[in-house]
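Next come two complexes built around chain A: one with chain B, the other with chain C.
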Partner chain A sequence: MNLAPYMAYFKKSFLNRSAYRFDHIMSIFSNCLRMFIFWEIYKALYGGRQEIDGVTMSMVTTNFVLSMGLDAVFYINDYFLPDKIGNGSITTELLRPMSFKGRMIAENMGNAVFNLLFRFAPAFVVACLLIGILPPASPLMLVLFVVSAVLGYGVLWTISFAVQMTAFWLLNVWSMTTIKNVFVNVLSGTMIPLWFMPDWMEGVLKFTPFSSIYFTPIQIYLGQLEPGEIAIKCAIQLLWIGVIYVVGDILWKCGQKKLVVQGG
Partner chain B sequence: MSLIEVNNISKSYRINKRPKGIPGMLANLFVPKYEMRQAVKEVSFQIEKGDMVGFIGPNGAGKSTTIKMLSGILYPDKGEIKVNGYVPYKQRKEYVGSIGVVFGQKSQLQWDLPVIDSFELLKAIYRIPEEKYRKNLDRFVQMLDMGNFLQQPVRQLSLGQRMRADIVAALLHSPEIVFFDEPTIGVDVVGKETIRNFIKELNAEDEVTMLFTTHDMQDIEKVCEKLIVIDKGEKIYDGSLLGIREKYGTTRQLDVEFAGIEHIAPIANVEMVELDELDGRKKRFVFENKQVQINDLMNFLLQNYRVRDISISEPEIEGIIRKIYNGEVITT
Partner chain C sequence: MVTLENVSKFIISDLSLHIPKGECVGIIGASGAGKTTLLKIICGLLKPKSGYVRVLGKDPVTEKGRYKRDLSVFLVGKSALDGYDTVKQSFELMQSIYGLPKDSFWREYEELAGRLDFQKYENKSLKSLSLGQRMRVELAAVLIGNPKLILLDEPNVGLDENGKAILWEMLEEKCRQGATVLVASHNLTEIANVCTRLVLLEKGHLLYYGTERNLRSKYASIDVMELKLLGALPDLEDLPLKEYSILGDVLRISYDSNYLSSAEILRLILAQTQVAEVNINKPDLSDIILQIKGGKSSEFD
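Showing the complex of A and B:
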């Protein structure tokens, strides 16, 4: 497979993002602001105590700084396919001698790299200087954190991919996307660390893909997992990527047969 | 074996029938009603390499749907398509590299970027070698006179300019087959002429096989040799442009300008004449070629009335097509 066409789309989406300078300065600002708000909330909740249920304030801080940082990098356009079906430009997309899914990944990667450099990095530096987060448990754990974060992105991407494919039938997927986002935000531990979830909830979450997105890499970063557990958790991430991708791909194949081109 | 083989393809859509107003909306919410509409009904045709085929029919006849099935975007419900050895909808990725498609109503250019940037992106997507890209671009830009707006963002182009840019975009990778879906829609007279000449030249010089839909019969008359007519999803004519004239263009018309205001009495012996009043002094006689001798009619008029001017014209393709659409001509 020749990667040149995909690289062209990667580059295009990267460059498109840099076209709106004011927007991206403001988004760095909003990321910092979000972190400070969470920091203030948790300071108030902890009320000067060192730890609650064995979870220290600095663990919580590290959790939300990292998961919000990853969240900024992982930003995925949930309306990539729905918009193209909605305005009929899916026709031109399908005329390209390349895989539509590959093109979708390429554009998202262009965005992710842009976000990593220009949204995550500045906000992370600000957070480190002003709020202070725990260092990684060891250099090895940092490397494994990166590996697991990439897999986490894979899980989030396949979820978005599968949800987007419903656009072939529903045409308007706003509600589907919103439901998905609520699940991801609440159950992945971005807002409330999963340490604070009641036991029964944790039991349920084990069987969903959500904790694989942000929480697994962060647990690795903090050194909370034994080597064996790391292997199992990463395998679970891979498993989710595989399972959700297959579901999405079946929808994609059926959807193409169902495709209705809007507007003549 | 022909380059393009279409065998009995059918395609239908499910359409939501919604009663009007708020009660209708509520009823639709709980018990939606659907209706199947057949866009294409068992259509078959063949196109040979190097052919230039006009594909026409009234609005909603199924032209665009057929083009979309031919270009691998839509799956036919039934039937088979084979183009250049590929089954378009099954081998889409491999197939679409060898075709070019222009949708007059949809641009494939990047809205915010200069035209040339879109071309560069296409160069990467189709992996066009630098030399071929240069050669094609220079040639097309010169032929379509596009030099002065290559650097402008697409959103600032006029419709005619955008259409020319879209045509070039579809042809940069030297496709062997090109589908045009209304390539002259909304373009002015000069622009249309430029586009037609370009299409003709490309067909003649590079032997590019072309199929194109239009509502402008001038396009057909000036560009196409073959014609496929479909209506309500069914093929009703498939043959040469000359053939359609011979087969259905059996009427002629005689435009006569009289010296004064005349009332034409029923014409003796010539019943098959239709009379149109253009204005007081000008009248148009339309008659069946086989049933009326033109000499008889002219003699009759010249003998009985004071005639200032007289002219005979062959049926226009547009008139014939209009009759076919209206069902006035029975096609087989």
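Showing the complex of A and C:
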């Protein structure tokens, strides 16, 4: 497989992001602002207490700083395919001698690496200095956190991929994307740590992919999981990537079939 | 190179044709005649409802991946290039996507940029270019490399006369180099000048497929020659003319070019008298097409 075109798209999306400097500076500022707002909200909610239900303020702070940081890195353009279907350029994309899905991944990875270096890192440093977060449970846990975070990105990417595929049938995917974003924001533990969810909700969440996106890596970072549990959680992440990708790929093939039968 | 047998899809109905390698084929038809549909069937973007299609020996829908590198397609209004990229960035991506050798690719780029005159704005983003400027870049993107099959849908939209002339010149060159070119256009004169074969579509039906010469000899073989005479009126009794008339010193002759050549007529006349001026008028291609449509439409109604 020739990787050169994918590397070219990776480089292109990385460089495109760096071209918009004002947007880039403002996004660092907005990330810092979000973290401070959440910090103030949780400070008020804790009301000076050290812990609530065994969850310390430091754990909560670490959760939202890391999950918001990962959220900034994990930015995926949910309108990549819908826009191409809308303006008809999907036809020319399908004629290129390269995988369209590979191109989607390459462009998203370019964005992710840019966001990691220039959005997450500065905001993370500011948050560490001014808010303070817990250190990783051990160097090994930090490494496993990175591995799990990459898998979490894979889960989020496949969800976005599957949702984007609905554009073959829907004229406007805004509602689908919004529903997806609500589920991801609420059920992945970004806004409210999953420790505070009622037991029945935690039971339900076990059967959804959302907690695999941000919460699993953060649990690993905080050392809340035993080695066996880490292996199981990472296997669950891989399973979700596989299952959702297969669903998305079936939709992709059906969508292409629709295009060649009905035109587009 | 391209074979269609009894293909039907949308307006296209029971269409059969075979296009050999190295031909430059013009697809002519009014809006809605099925030109774009035909091109999309050939490049595998549409699956025929019925019939058999083979392009470069493969099924264009199921085996498209095997010859994407040999195929170059321009569909009007569906740009293959990203408007946010500069001209040069677009070509850098193309070089990577098609895995073309860098040296020869950039040599060809320089040549195309020179001929199509877009070097001066090669560092501008495509969306900042005018329609005509962007079309020059898009066409260069279609022609670069060595595609075996080039499909163009209305490639001259937005091009000025100079741009059109260069486009047709380059298409001729590509055919000479062995590429097969299919061009759908409304511009009959340009297509007829360049294309070695014509496909005439009317409401999805194939009205004619063949060379322009055959089209003329089959449907419009009557040419008109006008001669401004300086001497006596020649004796034309031996020539199988359709008709002739004299108006002042101008002799007007109608003849069937299938049976009589203009050279034969001139030889006979010049042997008898002196001529100041000669004009030979062939029927206009659009008139011939209208004539065919008029004659054939009843078959399909």
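As a working rule, the second predicted complex is superposed on the first by the 259 of 264 C-alpha atoms of A that agree within 3 Å, B and C clash if a C-alpha of one lies under 4 Å from a C-alpha of the other, contacts with A are read in each partner's own complex, and residues count from 1 in each chain.
Here is the rule we use: a residue touches a chain if its C-beta (ideal position, glycine included) is under 8 Å from a C-beta of that chain, and two chains touch if they have at least 3 such contacts.
As the structure is a computational prediction, the values presented were derived from the model and not from experiment.
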Are chain B and chain C a fit on chain A, or do they clash, once the structures share the same frame?
-> clash
Classify the contacts of A:Ser30 with the two partner chains as first (chain B alone), second (chain C alone), both, or neither.
-> neither
In the superposed arrangement, which partner chain does A:Ser89 touch: chain B (first), chain C (second), both, or neither?
-> both
Pick one for A:Pro97: touches chain B only (first), chain C only (second), both, or neither.
-> both
Touch check for A:Leu259: first (chain B), second (chain C), both, or neither?
-> both
In the superposed arrangement, which partner chain does A:Met7 touch: chain B (first), chain C (second), both, or neither?
-> both
Between chain B (first) and chain C (second), which, if any, makes contact with A:Ser18: first, second, both or neither?
-> neither
Contact residues of chain A, present in both the chain B and the chain C interface | 2, 4-5, 7-8, 12, 88-89, 91-92, 94-98, 259-261, 263-264
Can you check the complex and tell me which residues of chain B touch chain A?
-> 13, 64, 68, 71-75, 89, 92-97, 99, 101, 103, 105-106, 108, 110, 112, 121, 124-127
Chain B touches which residues of chain A in the complex?
-> 2, 4-5, 7-8, 12, 19, 88-92, 94-99, 256-257, 259-261, 263-264
For the complex, which residues does chain A have touching chain C?
-> 2, 4-5, 7-9, 12, 16, 88-89, 91-92, 94-98, 259-261, 263-264
Give every residue of chain C touching chain A within the complex, in rising order.
-> 10, 37, 40, 43-47, 61, 64-65, 68-69, 71, 73, 75, 77-80, 84-85, 89, 92-93, 96-99
